[in-house]
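Data block below; observations after.
The chains carry the letters A, B, C, D and E, assigned in the order they are written, with residues numbered from 1 in each.
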């Protein structure tokens, strides 16, 4: 998991515990309330998405948070090396290299170029692939968004249950306060699930997705350029334009 | 109905009953409140959509939840078989096969190809059909969305009615609590209708629609490819690019 | 007015009266509250749109709810008949027919075709017309949407007025309840105006508009096809693709 | 200012005064509350937009509400006259006419046509101009939208200040009501600023902008048509298609 | 920092202090509440964006608020001078001039033109660069937007914590008011963070970005025009069309 997420989640929880005060913590831990709010949110997610997609999404999310992506600079470096080799030894020379590539998308693209597939078809196939990767990522972000919308609703449902029960039986005035405190706990949980977890993580997944999409577009551009026999310098120039100026110096350095 | 929806709806209701406590359940069952909230939502839906479309949508929804769709892998398999037969025996040989096809869209497309309709016209006709199927699905999702927006509003209306009645007649202080509890029940119902049912099911319908659209686009692509006499290997390669990498292995396996 | 709207509006009002209880009804009728909420909403609409457009929109709305549109099936039938006659007797033979057409859009299109106007220009003129009809319909839906957004706001304004007056003068504790009940009435009205009337009717207008747009697009497609001398069978095939499969059988039946 | 806006604003304020009751009016006038809510909203607008743009927008808004625009019918009439003169006496004859044109956009377009500028360049220049006019109008609407979003927030901030002060010092129970009444005044002001002024006027500016854009597009279309030497009848036919059928009869009448 | 932002932020804070009353100010300063609301918002931002991007964004924001941009008039003046020199002495003569250019984007564009890069490639490279600058700016605005959405949520979380603690222990009725006052402070902070700072600054960043994008597009257009050997008068005319009529007189004046 990236450091920013660790800091963000850890920090928010620490701040809440500190705000509550460790000695008061037990008042905020209520298993039935957790079940209603958290469980309800999970149930809502199950009602919202097909089962296969939910499991699919878990993979996407795990991938996004834990797998190492190539940086744009590394990607450009690799593509320029391929272009150089293709220019020196012909594009068929990349066949062996392609086997060592770890990124499935890049491997497939190089393979298609080596096989002599028509440029239009390569572009079609890889673009479709990019579209699907993007859609899958979008599904992940949408799942968290939906959970972030449902959690406060289930929190409010729990509070309504508590209020109705309390209001229906107010014989003991002293119990009103504590009962209402318990009723509010689900609203509290719902807000935490949404604002500490789901809404920020949905945004983060979108950021991961955008970063990965840029890498994939770099690869697509590089493969097309390489296949049309472009001079490696041109390949580099084209690809470098794709990345932020701040990263270009780094890309150049990597290229040595 | 798919398993995820069953789990989601069943789980949410179970959690709520558990949260309320079975013995307190009667306090949460109030027929007039149900009529105002549920009936009001249904009335709002009637005011929002033409009658024909409402019935139409019921069919779409039933279809979405209960009918079996071909998987992408099955669809590709079938289309590649058609391409092989067309290449071996000529496209007219598909005429007999077309009669056995269950999917109306695919049957119509093959029929048009067999009839020698111009590719442009086939594409036009099938694309229009896809647009309409998509629009009908969109209508279904929109109906649930509208219901999900109206339900809490009618719930709040019911609560306002209860509050006004209660506030206008506060001679008996002991009745304030119970009266207010009853007033809140419609808000409770409105939130359940929206967050347990309408909002998740609207999302699920969108997912079903996206899945079916992908199948239809696969079919359109396959029919166009097959009609232009593409090699079955090319047909397969093109279509496989349309589906998620994770499903490709499965598609290949199905192809044997 | 279509039946669904009648059911929806009538049902919602009946349910509310039933929820309130007929004997309590007078407590919910307060002329000043109606003036503030309803009048405020109308004033907000006047501030939001140009005068000419507001009157314009009244016409559009009346039209949408009360005028009879051709069904897609009837439209196709008529266009195919025109195509047959144009093929038999030449396109000029449609001149006399055009005079009997009730739909202004169709009449204009046929007239343009008869006059020998260039296809590109016909398409431009009719497309512009479609754009403007769509925009006018959109304006109608937007007016109701705006009213639906302003009504609860004016309802809340009325409640704030009531609350401030009540809180400023709490010498008689017994009057607090009733005063607050009265204060809530404007919120109640605002919610009814929005959720029973404006929001559903805005959606319904969008539906009417989409249906009418489809008819107009059918007509445009039919006129272009007819003018280019297409075989009536082709005209029919093209147009039928425009409508929902479920309506096609009906269209065929109408064609006899 | 157009009549609808006058009716809308005047009516809403009258209704509120009536709802409050003239004798109670002083309770709703609180200078510090006005400063916090109104001033806060203005400050928020300053934080939201560059200074130059804020002054710019004031001009746009003044223009939109007070300047007289040509109607579509007048615009078409003028363009057709120009087309007639250009056809009779050559396009250079328009040079003198161009000087009398009041609308800067039209004058510039005619001047460019007279100067023999290439059609493509004329179109580019005028389209860019339209884009910028539209953007400026959009900025005006956005400013009111932002103010309409910030006003209730500052109103709530004021109420929170009042509540915190009141709750922190509840030694005199009799002062609770009046203090809370005062606290609510800022919420009341925030809602008025937003719902009586900003939100409707933002919508009205959008409507003005759409109307002016249509006039500009008419002019662009007319200038291009005129420059290509189109027959004045064709110019008229093309331009008339741009306006609503209801306005066409009027346009024809103007043409006499 | 631009004057409008200074006025906006300073004014809003002054108004709030004035509304609270300087003597009551201590009641609104609560370090733990600040930590929960402000710290929680910062944590939420860390959970929402990758670390690299957060630091990146700080630079973008600092740049937007403090760096001096060329005005459109200055940009046009400079580009027309370049066009004149290129026409007089050939495009290579710009090589020396390019070294003195401060704007990296313009320098790169001129350099590419001098190097004889193909127009299509120059356009591609510079457009990509514009896209990335825009995306970075968009990220800055999005960060503030996200913070503006999270701050009120964390404020409400803090208030919920306070309410639950207070309700759970109501043995001393006199402490209810002050406790509730403290509980509301986080909501107060959340609203200030969002409405005084984040939401307006997000909008302002969007405005800065739009202004800078216009300058960059001007530069791109000017470089393309200059490279194709356009007459400096044409360059000026094309570029002037890009800016608001109100700024044109100024641009002309700058040109002398």
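In this section, contacts are C-beta pairs under 8 Å (C-beta built on N, C-alpha and C of every residue); 3 or more make two chains touch, one makes a residue touch a chain.
Just so it is clear, the structure is predicted and the values come from calculations on it, not from any experiment.
Engineer: Chains touching chain B and chain D alike, please list them.
Structural biologist: Under the touch definition, chain B and chain D have C as mutual neighbours.
Engineer: Fit chain A onto chain D over the CA trace and report the rotation angle, somewhere between 0 and 180 degrees, nearest 5.
Structural biologist: Superposing chain A on chain D takes a rotation of 145 degrees, nearest 5.
Engineer: Centre to centre, by mean C-alpha position, how many angstrom separate chain A and chain C?
Structural biologist: About 41 Å, centre to centre.
Engineer: Indicate the whole-number Å distance between the mean C-alpha point of chain C and the mean C-alpha point of chain D.
Structural biologist: So the centre of chain C lies 26 Å away from the centre of chain D.
Engineer: What are the residues of chain E that contact at least two other chains?
Structural biologist: Touching at least two other chains: none.
Engineer: With chains as vertices joined when they touch, what's the shape: line, ring, star, complete or other?
Structural biologist: Graph shape, chains as nodes and touching pairs as edges: a ring.
Engineer: Taking the complex as given, what residues does chain C use to touch chain B?
Structural biologist: It comes out as residues 2-5, 7-9, 11-12, 15-16, 18-21, 24, 27-28, 177-178, 180-181, 184-185, 187-188, 191-192, 194-197, 199-201, 203-204, 207-208, 211, 237-238, 241-246.
Engineer: In the complex of these two chains, what residues of chain C are touching chain D?
Structural biologist: Its residues touching chain D are 32, 35-36, 39-40, 42-51, 53-54, 56, 104, 121, 124-125, 128-129, 132, 136, 146, 149-150, 153-154, 156-158, 160-161, 163-170.
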